[in-house]
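Next, two complexes with chain A in common: one pairs it with chain B, the other with chain C.
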Partner chain A sequence: MKEQTPGFRVSFLKSAVLSNPVLVQMVGLCPAVAAMTNVRSAVLISAVLCLDLIVTCVLASALMKRIPRAVRVALYLGIGLALICPLLYFIETYTLMNLGLSIKVYLPLLAVNAVTALHCEKVAVKNPVRTAFSDAAAVGLGASIVFLIIGTLREVLGSGAFAGIDLDLPISLKGLSLPFGCFILLGFLAAALQAFSPYLRQAQTRETDAQPAQTQPAQTDAQDDLWSDILEAEAVSNERLAALDEFTERLIGGEEDAQ
Partner chain B sequence: MKMISTLLITVLYTVFVQNLVMSAGLGMSEAIRLAAKPEKFRSLAVMITAFSVITGTICGGLSRIPAIATLPFAGRAAVYGGVLAAVYLIAALLLALLKPQDRRLRSTLGIAALNTLVYAVPFLNEFAAYSFAESLFSGLAAGAAFVLAAAVIGQGAKLLANNSNIPPIFRGSPALFLYVGLISLGFLGFSGTSLFQ
Partner chain C sequence: MPDSATKRTEGAQKPYVTALQLFGDYLLMLLVPTVLAVYYYGTRVLAVAGVSVGVAVLTEAIFSAVLGRSYYLRDLTSLYTGLCIALMLPAGVPFYVPALAAAFAVAAVKMPLGGSGAPIMPAAAGFAFVAVCFRAEVFTYTLRAEQKLLGAQSLGALLGGGNAMRLNAANLLDVLGGNVAGPMGTGCGLLMLACGVYLLMRRPRALLATAGFLGACMLWAAILPRSNGGVLTNIVLELCSGSLLFASIFLVTDHATLPAARLHRVIYGVLCGVLCMAMRRSGVFEEPVCFAIVLGNALRPVLESILPGGERTQRKEARA
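Entry: the complex of A and B
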């Protein structure tokens, strides 16, 4: 049977919005927190992340399905470095752009980004190239939108400027330029996304219903809700504690009986 | 005595003043995901520390070779990345030979080795111009910083998951982000940064 893939709109709504890699899956936080203090760095890091994500996912889907997982993970790093390091050299040498220390360090770190590894392992190697590409593009776009919002808000509110142009604002919130400010912004953005989620889910259902013949990609694992994991882990530890309590009670009961 | 105090300062600085996870976001995704899987805490913490120490020390040694020291930054980044990949592959091979049945440990190995925290350690050592011993302690401190951050996030995540007073739209990742933001603000206090000047 010919394998069918979902449309890009469904994939975008699911991978980029409802299961946003940054706001919902909480991956790719490292560059957002430390390097994304202005629009320029947000654009640069988003572009490099999208490139790395798409190329690595497509290669993983096309060539790496039979390679053992342990080797595949190292290959993702290799592909990332092969893309990013020449790009960094080109930017530094030929564009004479002053990248600043934080961007300079965080660009190579994108090669080991959790977004790429997670989507290559959970989606790309289990699906055809087209699905891997549309998932990578949607995830990259989803992360880039968040990065751009964060970069813009942090520059405007934290430094009183936009793309380096001074806006002469009466108030500047210096804390937003610092890592804790980014986490707080991310918290409010995630809450806003959660508030709109019911409407977005309805839209997704309508889109999916409009394409009845199409099958969903095997990407449910990638979009596991982190929160349910935490609750599950908590339930497991509570079960263990309950079992321990029961055992202790039995032990004490046994001792009392013996006495 | 002076050396011991220098090494101690390196550790305290990396763990508290400039906690790599809370202040630089390095390894943050792994620390948050670890909150959901507390049974992996010990093995992941030990492996991250080991990879930080080994990679940081090897890269520290390599960066003293003139041919590598004179490379442009992008070239050195590629060398450090290559070292990290090689260390990871050797560890994976050793694990496959010594503990072929331990699938859980093997699945954790990739997350422990190939993350932003471990890859950032050689760069930090280079920028701080650390000696061999300081590089070693900086790797250990990076692992300790991760353990501290992951433990604090994990405890907070458990409490937040059971708190029914949180408004519905803030339940889940929004509450965790705000919690991590406040903890990060607490760590900022160690650095003496003022928000109002």
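Entry: the complex of A and C
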């Protein structure tokens, strides 16, 4: 299947870097500020966020285009909870990983993260599944990179350790492990991104200009079948919903005429 | 230009003062407690002050170069910030503490928030940062403790333990003169009074905030004493402990963080005083005045908008 959708590089540059969810849109700060004091929690939260984002966005794009917005938003949260709660149970029970209290609090809260709701509503439900997937992956990657940088800096500078290994640093700034330290680090990262954004915008323009000449890489047969099945189901679902809307409009119109 | 912020925030006060005049006055006032600190603690005071001032100036110069701005040493704000921080620390503090406090004050507060017009007092933020990071180093007063009135115990620690001391003619001069363990340049109440008189002659309107601040602290100490001493004893000990008097003269009156209207200045001072005394009573730090001032700075725009004569009140009146 070959279609003119923006490539992952363009999508990555746009969604992960120039409109970074954490540093530019300032969403999803809660777990970063409160729970991300070391590399391990950063990796865990990033992985769960990416998974939640990709699954919810793909489902939203494939199945929820005709569902009213009020119901859709509740469904995003429902999907997130259905995904994350069993995952948390699995991590605790089978991997015997000793999750800290803050992780136990903030990991389930990722299901109601603003990043997921924002990208499902702004991008996924208005675009084909492939675009939704690439946008979700790019956004998840962008947020994860920031989370990893923040987690590493806070652990190294705040606790004098990296991934639990003591680095024997002479000084550790405990303040950076506190929420205000995270806000300061985020501020500096956001400023650095803003300083480089003109060059990145130029790169994005060059990529976008070069895009029509490029062809998308050929999908494998299995992937093609999957995409075509999803799109076919989506088309059928859209037709049914359109017919339902038409019927409802006629019904309302008839009632108004009778009045 | 460094003077623009001064002009902007001092809009109601005519004629405009330049940063050179303003911070020149403050630096002149800071020199006196520095000399007294050298008398009490020796030449190490100069080394701590030198490190703090040097790092503040260097950080600002580097930050300005990175941002492509010109750096003017005659702005004096970085010198003032560095010296303020040094005087609030104990004389025996390791050198990395004033260095980090000064670097934080300039790099994380002053420069990102608009230079000399930063709405958060950089010196207070710098001290608060090192108080969180190096609590033991910042609140340990062991240098020349044998020559002090209570040894290595400060008045703040004394009050924090619910104890008081009987004030008499023999020890009152030590308490008011700063011969008690504590920050190296902030303990002398008599010198702070002299600085207040100088400020009264130079910038009388700034002292409205000081009056509100000290009034609130004294009232709180009288109503909710931390020790079983008399009312007057509690008030004197609270005022002379830590950096309270120093903050009332040097931090609360910062040109960029003061509200413009007179009533707002008094209420801003009261707010900072109440926050400080509340934190002293139930907080974990021996001297939380810098936290109170940073919080007061953050709440100042809200205060200005909701008080009579503020933006919100004016909008309501215009609508009516």
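Going forward, the second predicted complex is superposed on the first by the 208 of 259 C-alpha atoms of A that agree within 3 Å, B and C clash if a C-alpha of one lies under 4 Å from a C-alpha of the other, contacts with A are read in each partner's own complex, and residues count from 1 in each chain.
In the analysis below, a residue touches a chain if its C-beta (ideal position, glycine included) is under 8 Å from a C-beta of that chain, and two chains touch if they have at least 3 such contacts.
This structure is a prediction, so every number in the text was calculated from the model and none was measured.
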Name the contact category of A:I171: first (chain B only), second (chain C only), both, or neither.
second
Greater chain A contact set [chain C / chain B]
B
Classify the contacts of A:G187 with the two partner chains as first (chain B alone), second (chain C alone), both, or neither.
both
Looking at A:A42 after the superposition, I want to know if it touches chain B, chain C, both of them or none. Which is it: first, second, both, neither?
neither
Check whether A:V71 is in contact with chain B, with chain C, with both or with neither, and answer first, second, both or neither.
first
I'd like to know which partner A:P86 touches here: chain B for first, chain C for second, both or neither.
first
Does the superposition put A:V125 against chain B (first), chain C (second), both, or neither?
neither
Could you pull out which residues of chain A sit against chain B in one structure and against chain C in the other?
174-175, 178, 184, 187-188, 191
Quick check on the complex: what are the chain C residues that touch chain A?
96, 100, 108, 112, 129, 132-133
Chain A contacts chain B in the complex at 23-24, 26-34, 69-71, 73-74, 76-78, 80-81, 84-86, 88-89, 92-93, 101, 104-105, 108-109, 111-114, 117, 174-175, 178-184, 186-188, 190-192, 194-195, 225-227, 229-234, 236-237
Within their complex, chain A touches chain C through residues 171-175, 178, 184, 187-188, 191
For a test of understanding, state which residues of chain B touch chain A in their complex under the given definition.
22-30, 32-33, 35-39, 72-75, 77-78, 80-82, 84-85, 88-89, 92, 96, 106, 109-110, 114-116, 118-120, 123, 127, 157-158, 161-162, 168-178, 180-182, 184-185, 188, 193, 195-196
